[in-house]
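Here it is, the structure in full.
A, B, C and D label the chains in the order they appear, each numbered from 1.
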C-alpha cells in the first residue's frame, strides 16, 4: 500500500443535504477539478450510500465516514469495511467527534484498515487523546476540538497552542505521524495557519459544503497549501 | 403513499460477503426474477453502500437495513433517511435484533418514515414488544426471536405459540397490522407454516443468502406463498 | 405485592450535589417529615451509592434511578436489580430521558421488576411512547417532555394537551394505568394542574432539590394534592 | 495524594450474588483480615450500592467498578465521581471489558480522578490498547484479555507473551507505569507468574468471589506476593 499523498484537504460531507446524492456527486466533481488544477491532494468523505457512485465518478480519494468493528456476517445495519472498500473507498474516518468510539474498537479498526490496505484517518478531540492514538499508528490523526466544529472559528486561531501541543506530543511518540486539523476552517488563511503550526492539511466540512461557492473556497484552500509548501 | 403489497418475502443481506457489492446485485437480480415468475412480492435489504446500485438494477422493493433518528446536518457516520431514500430505498428495517433501538427512537423513526413516504418494517423479539410496537402503527412488524436467528430452526416450528400469541396481541391493538416472522426460515414449508399462523410473509437472511442455490430456495418460498393464498 | 399508594410525589435526586451523600439523607428526612405531616405519599430516587443509607434512615419509599437488564454474574459496572433491592429500594425509574433505553430492555425490566416485587416507574417523552409503554403494564408511567426538564416551565401549563392526550391514549389501552407527569414542576399550582389533567402526581427534580427551601416547596406540593383529592 | 501501595490484589465483585449486599461486606472483612495478616495490600471493587457500607466496615481500599464522564447535575441513572468518593471509594476501575468506554471518556475520567484524588485503574484488552492508555498516565493499568475472563485459564499461563509485550510497550512510554493482570487467575502460582512477568499484582473476580473458601485462596494469593517480593 502506497502512502497517502500529503498535504491533503479532506472534505467531510457529514449528512448535509447539500452533499447528499446528486449534490454529493456534483461537489465531488468540483473537488476533483480543484485538485487537478492546483495539484493538491483533495479527498472526500461522503455518506455510505454515495460512496460507490462518487468513486465511479471521480478519481480523487474517497473516504468512508465510519466503519464498524465487525467482520462479514450477521450484523444487520452495520458498516462493513469490506463493503466500503468494494464500493471504492480508499480509507475511512475513525472516531469523528460525531461518531466517537470505544478505545478497543479504535485499536481494532486501525489494525483492520492497515491489513486491508485502507487509509485510517482517526479524529481526536485534544492533545492527550491524540498522543494515545498515535501509539496505534494510524495513517493520519485529525485534531478537531468538538466545541469549535461548525462555528467558523478556526481551531488554528482559537486554540493554536492546542494544535502545537498536539503536534509536539504526537511527534514525540511517532516522529512520522501525519496530523491534520479541523473545526471552524473557512478561509485560505486558516489553512495556511494550520500548516504553519505543523499539520499537513485540514479536515473540513461546513466550510466547504455550506459555502456559497464551494469551488472558490476550495481553490483558496488549495492555493494556501501550494503557497505554503 | 400506496401500501406495501403483501404477502411479501424480505431478504436481509446483513453484512454477508455473499451479498456484498457485485454479489449483492447478482442476488437482487435473482430475487427480481423469482418475483416476476411467481408473482410474489419480494424485497431485498442490502447494505447501505449497495442500495443505489441495486435500486438502479432491479425493480423490486429495496429496503435499508437501518436508519438513524437524525435530521440532515452534522451527523458524521450516521444513516440519513433522506440519503437512503434518494439512493432508491422504498423502506427500511427498524430495530433489527442486531441493531436494536431505544423506544423513543423507534417512535421517531416510524413517524419520520411515514411522513416521508418510506415503508417501516419494525423487528421485534417477542409478543410483548410486538404489542408495544403495534401502538405506533408501522407498516410491518416482523417477529424474530433472536435466539433462533441463523440456527435453521424455524420460529414457526420452534415457537408456534409465540407467533400465534404475537398475531393475537398485535391484532387486538391494531386489526390492520401486518406481521412477518423470521429466524431459522430455510424451507418452503417454513413459509407455509408462517402464513398458517397468521403472518403475511417472512423476513429471511442466511436461509437465502447462504443457500447453495438461492434461486431454488427463493422459488420454493414464493411457491409456498402462492399455494397458501 | 401491594400496590404503590397514589397520589404520589417522587423526588428524583439525579446527580445533584445538593442531593448527594449526607445532603441526600437530609433531603430524604425532609421528604419523610412532609409525608408524615401531610399524609401524602412521597418517594425519593437517590443515586445508587446513597440508596442503602437512605432506606435505613427513612420509612418513605426509595426508588433506584435505573437498573440494567442483567442477571447476577459478570457485569462489572452495571446496576443489578437484586442489589438495589437488597439496599432497600422498593422500585426503580426506568427509561428516564437522561437514561433512555432500548425497547427490548424496557420490556425486560418491567417484567423483571414485576417478578421481584419492585415497583416500575417508566418515564416517557410523549403520548405515543406512553401508549406503547402502557401495553407493558408498568406500575407507573411518568410523562416528561425532555425539552421542558429543568426549565421551570411546567409541562402541565406549557403542554396541557400533551398530558391530556397521553392520559387518554394510555387509558384506552389500560384503564387502570397510573400516570405522573414531570418537567418544570416548581409550584403547588403546577401539581394541582397535573392532577386536574388526569395524573396521579408528579416526578420532580430541580423544583425540589434546588429550591431554596425544599421543605416549604414540598409541603406546598403535598397540600396541592391534599386539596385536590 | 499518596501513591497506591503495590503490589496489590484487587478483588472485583462484579454483580455476583456471592458478593452483593451482606455477602459483599462479609467478603470485604475477609479481604481485610487477609491483608492485615499478610501485610499485602488488598483492595475490593463492590457494586455501587455497597460502597458506602463496605467503606464504613473495613479499612482496606475500596474501588468503584465504574464512573461516568459527567459532572454533578442532570444525569439521572449515572455514576458520579463525587458520589462514589463521598461514599468512601479511594479509586475506580475504568474501561473494564464488561464496561468498555470511548477513548475520549477514558481520557476525561483519568484526568478527573487525578484532579479529585481518586486512584484510576484502567483495564485493557491487549498490548496495543495498554500502550495507548499508558500515555494518559493512569495510576494502574490492568491487562485482561476478555476471552480468558472467568475461564480459570490464567492469562499469565495462556498468554505470557501478551503480558510481557504489554509490560515492555507500556514501560517504553512510561517507565513508572504500574501493571496488573487479570483473567483466569485462581491459584497462588498464577499470582507468582504474574509478578515474574513484570506486573505488580492481579485484578481477580470469580477466582476469589466464587471460590469455595475465598479466605484460603486469597491468603494463597497474598503469600505468593510475599514470597515473590
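Keep this in mind: a contact is a pair of C-beta atoms (placed from the backbone, for glycine too) under 8 Å apart; a residue touches a chain by one contact, two chains touch by 3 or more.
Just so you know, these numbers come straight off a predicted model, no measurement behind them.
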{"item": "Chains contacting each of chain A and chain C, listed by label", "value": "B, D"}
{"item": "Shortest chain-hopping distance from chain A out to chain D", "value": "1"}
{"item": "Rounded Å distance between chain C and chain D, as computed from the means of their C-alpha atoms", "value": "35"}
{"item": "Chain centre separation in whole Å, for chain D relative to chain B (CA means)", "value": "45"}
{"item": "For chain C, residues that touch 2 or more chains besides their own", "value": "97"}
{"item": "For the chain A and chain B complex, residues of the former touching the latter", "value": "12, 14-17, 20-22, 45, 47-53, 65-66, 70, 72-80, 82-84, 86-87, 93, 96-99, 149-150, 205-206"}
{"item": "Residue ranges of chain A in contact with chain D within the complex", "value": "95, 97, 100-104, 106-107, 111, 125-126, 128-129, 131-136, 173"}
